[in-house]
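In what follows, structures are represented as structure tokens.
Across the two complexes that follow, chain A remains constant while its partner is chain B and subsequently chain C.
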Partner chain A sequence: MKSLTLKNLLGRPVRTAALTALAALLSFAVFIGTMIVLSLGNGLDSLEARLGAEVMTVPYEAATKKKFEDVILQGMTGYFYMDKSKLDEIAALDSVGDISAQLYLASTGSNCCSMPVQIIGFDPETDFTVTPWIKKSGGGQLKELDIVVGSDLNAFVGDKLSFYGVECNVAAKLDKTGTTYDTTVFTNIDTIDRLIQSSLDKGMNDFKNLKPENIVSCLLINSADGYSPEETMNDINLHVKKVKALRSKNMISGISSSLDGVSGMIRTLIIAVWALGVVILLLAFTMSVNERRKEFAVLRVMGSSRSKLAGMVFKEALSVCIAGSAVGCVIGLIVLIPFGGAIEQKLSLPYLLPGPAAVLMCVGGTLILAAASGAAAAVLSAWRMSRIDTGLVLRGDN
Partner chain B sequence: MEKNNKGIIFGIVLTVLSLALCIGVKTAFKACGPMENGMYMNCHKAENAAAVAGAVLAVLSVLIIAIKNKGARVALSALTAVGAVVSAILPNNVIKLCMMDTMHCHTTMRPFIVVVSVIIAVVSAVSLIVNAVSKD
Partner chain C sequence: MKLSAENVTKEFIRKTGKSNHFSAVNDVSLTLESGRLTVLNGRSGSGKTTLLNMLSGLLSPTKGRITLDGEDIYALDDKRLSRLRNQRFGVIPQGQTAIHSLTVLENILLPFSLYRESGEAEQKYALELAERLGIAQLCEVRPAELSGGELRRMAIARAVIRRPSVIFADEPTGDLDDENTALVFGFLRELSAQGSAVFIVTHENNAAGYADEVYRMNGGKLEISE
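Our next item is the complex of A and B:
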């Protein structure tokens, strides 16, 4: 009976190919949609983890501009500065626990291309956001003129990159995060001071009345024991002038809601495509069984039981759906993995593909769903077929 | 007759894929645009190289269709497979692309070249085997 199923499928190549293609299309839609939803969720988690501090404090004027969010969250290059004395003022507050300053600098294109990159300087003595991430990626202590590059920068450990005429050594390359940090360069405060000085010497930057050695861009803060992040934020906003404290979680709420919208739309599309596909499969199997009534009647006369024939129809449907689903998943992987960067850019949202285990689970889930849908669509056809009146069919025109 | 048809089908598939590679990298899947000063970045060289590779592979594929000799078809299929592998490793391995993986040459052109070249290599390998085992 097994070989008969295969012979039936191979004997009607056009019908088999059409049903396989339909199953492949459905599985492709489900697989790729699910993977995109998972990747967006992963990207948001990664962004939340990378912000790494409960409260972020920036100059007041910067916080009121749209560009601020673009710099922090969307990866646009830019900078804003405040006086370093704010660090001491804020550190003196009771509600402030860990505090570390970061300094932003946008490069003009580097060695190989015209695209500027964001350079972030951090203080290794106090930092609690970037250093653990560098350690996790296999990097160590940064020496002067050492830099750490994001995973999307085409530079590797041992390479030299030049910013404002200063040659820096790539000491580590960070793991992929699916966020804007993937195109950022990190370095310590001493190195960034050198870069700022070089940019001033070349007339490429203007700090107005601020002295480069006395500026910071933002302060990353964790609350002291006994204080909530909200209390710390309010404390800073109340007691320190010309700065704005923001909760990191609130900053990504805009991205989170866009992500919910996109994910919801994809889920609805998956359900719609799948429901339509199951209906088409049902119709296709029903038509196919109707077309083959005489064939089944002959098999019945030759001694095949009703249950055996029903099983044959069932096996045919399952084989077609599983084969189609496997093809759909392979095409999905070919689109998702190499073109992940293009998808990320089109969506303009944090996007991080899940690990191999999650991808395999998703492939397995899609195969099971396709098999179940094929089985559900074939049940009715198999039942109808098992009830045909052999004599009537063989005597009739059909 | 049937065996000849197989060779022709593989030749047609390879020609279509090679032309897709050649035309694709110059249209929808091209490299990054020029800089503000009008100069092109390094990835433009990779784009040109891939287009030439696609054109060469298309010529080889047309020869697979045109030539009836079994040995020649096997040799041409092998040459196409090797050419496709070379084409796949061209972007970033042989010719460096731009600095950021988020740039168009990395997100669109490179995956396109790699995917199409790998498919060409696989089809060429199958063509080689089919032609080698076929009885003239």
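Our next item is the complex of A and C:
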């Protein structure tokens, strides 16, 4: 004979389904919410890793007009230039350790992309941020006219993409970072020089009379031994004109605080939903058990101890909650994986799904939480059923 | 086997005149013995069910003791007393008492399955009882489809499935027709002949013909009839 618990649950399919659905809904909300919070934190870490340098220096205008921030944090396209002499000037400072220049360009749409993409050229000789990442993603040295594409771009290794009439080969595709870099194209400095030249030739560049060999957009800098990033930043801002040095940390802190806001909101929402859910579960269990007072009294007459009756109520509640929670988590996973991109866009914050281990832990945590809430919600009914006055209940239809 | 009520009184809280409690059962002594069928008559509200609940281990008396072969059953903790009720007592409660998510057969086997003790032999005995009580063809059906008489017969089979020492029946024929009434009393008589102590509470007088002893309850006091 199957357990009485199971029979009771199956014997009332509508009630069982409703309670399971409720538990599923709660678990879904908690699971999705937690995953989003985790993904946001993960995205921020990823962005920090991708920026890869302690201090970034851009033309003064690019910093004050937020052009740089828009490119790096908002995923807009843009370009701005300063004279290459700034590179030598800054490299000469004592507080500056590693330094590498990057050149920016925005495409006007190409066959990979429905929107213009950001193109960033780096100098393989000095680069210390992009090259390790390409390596990690399985790419190697870039040859002339080779490009590397971000993971969200619809282009793959071996494809040919054309920018300002110059055809480039996709040599590697980068791993997902959850940041604006996922829609960026990287290439070496020689190739981007050609692309900039071509954009100038076609009159499609906002700047005129540029010599690509003589310009840079952004300098990535690590402070020298014995100097803090703060000191390096101040050093540059004090001694070099018409540039602005920024600390990567401070740039991210804007994101970090809006991320804290979003995460806090989600957390509050989770707690509210959960508290409400526990109250509803409590009412539902109380009602469902109350309606069966007589049956519980009969079980008592047949020789059930108080603890047996309480255990029965608990078991029912736990089964329903755990089963519902599992369903909720599965639905959560089904929603999260395909709709991750949509969530990322809606939030416009760095967003990167954590690895399978973290996801599994989240599932486990949700199940435990659901079981605990089910138990909490069932305590009252279990206690009441164990105290049931059989005489009074069974006298009902005297 | 002897189950005795020794000067038991049960008081309930209720405003009656000046006092705020009243005695539903008042200083009652009574002994149930193996092989004997005892009938308790009395008007509605006279305290019959209260006495039955005390005897069957469901309601502890305010005063006095209930002893099984000399041992006070209310001295046992809830677990032990519950086990005792399960193994030694069979109760046919008032009214309809089916568990609706179980089939008729599963209902009959409930006293065993509560303690996960229902095996093939028990199953066979359940079918035998169902046969004997004329509900064999209903074994796989849910209680919702049964008539009042069939439900009562199911409750009887359930009460006696563990071959209990004492069988309690509270108004077992209250809502039954004459044919079912005779069937139920006949069966209970048979069980007492097989060695059980049988205790039947009823406000009808027609049970007296089956009884070894007949008592009468009157305002919580026990009187011997005849």
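Assorted remarks:
Assume the second predicted complex is superposed on the first by the 388 of 398 C-alpha atoms of A that agree within 3 Å, B and C clash if a C-alpha of one lies under 4 Å from a C-alpha of the other, contacts with A are read in each partner's own complex, and residues count from 1 in each chain.
One rule holds for everything that comes next: a contact is a pair of C-beta atoms (placed from the backbone, for glycine too) under 8 Å apart; a residue touches a chain by one contact, two chains touch by 3 or more.
The structure presented is a predicted model; accordingly, all values stated were derived computationally and were not measured.
In the three-chain model built by superposing on chain A, chain B fits alongside chain C with no clash.
Look at A:D182: by the touch rule set out above, it reaches chain B but stays clear of chain C. Contact with chain B, but none with chain C, is seen for A:A342 once the two complexes are overlaid on the shared chain. Residue contacts after overlaying the shared chain place A:G158 against neither chain B nor chain C.
Shared-chain residue A:T390: touches chain C; no touch with chain B.
When both complexes are overlaid on chain A, the residue A:I334 reaches chain B alone and has no touch with chain C. Touch criterion met: A:G303 reaches chain C, while chain B stays clear of it. After the chain A superposition, the centres of chain B and chain C are separated by 70° when viewed from the C-alpha centre of chain A, nearest 10. In the superposition on chain A, A:L10 contacts chain C only, with no contact to chain B.
After superposing both complexes on chain A, the closest C-alpha pair between chain B and chain C lies 18 Å apart. Those residues of chain A that touch chain B in the shared complex are 109-115, 117, 151-155, 182-183, 334, 338-339, 341-342, 344-345. Of all residues in chain B, only 32, 35-36, 41-42, 92, 96-103, 106-108, 110-111, 114-115 touch chain A in the complex they form. Considering their complex, residues 44, 49-50, 53, 56, 58-59, 78-79, 82-87, 89, 91, 93-102, 106, 109-111, 113-115, 118, 158 of chain C touch chain A. For chain A in complex with chain C, the residues that touch the partner chain are 1, 4, 7-8, 10-12, 294-295, 298-308, 390-391, 394-398.
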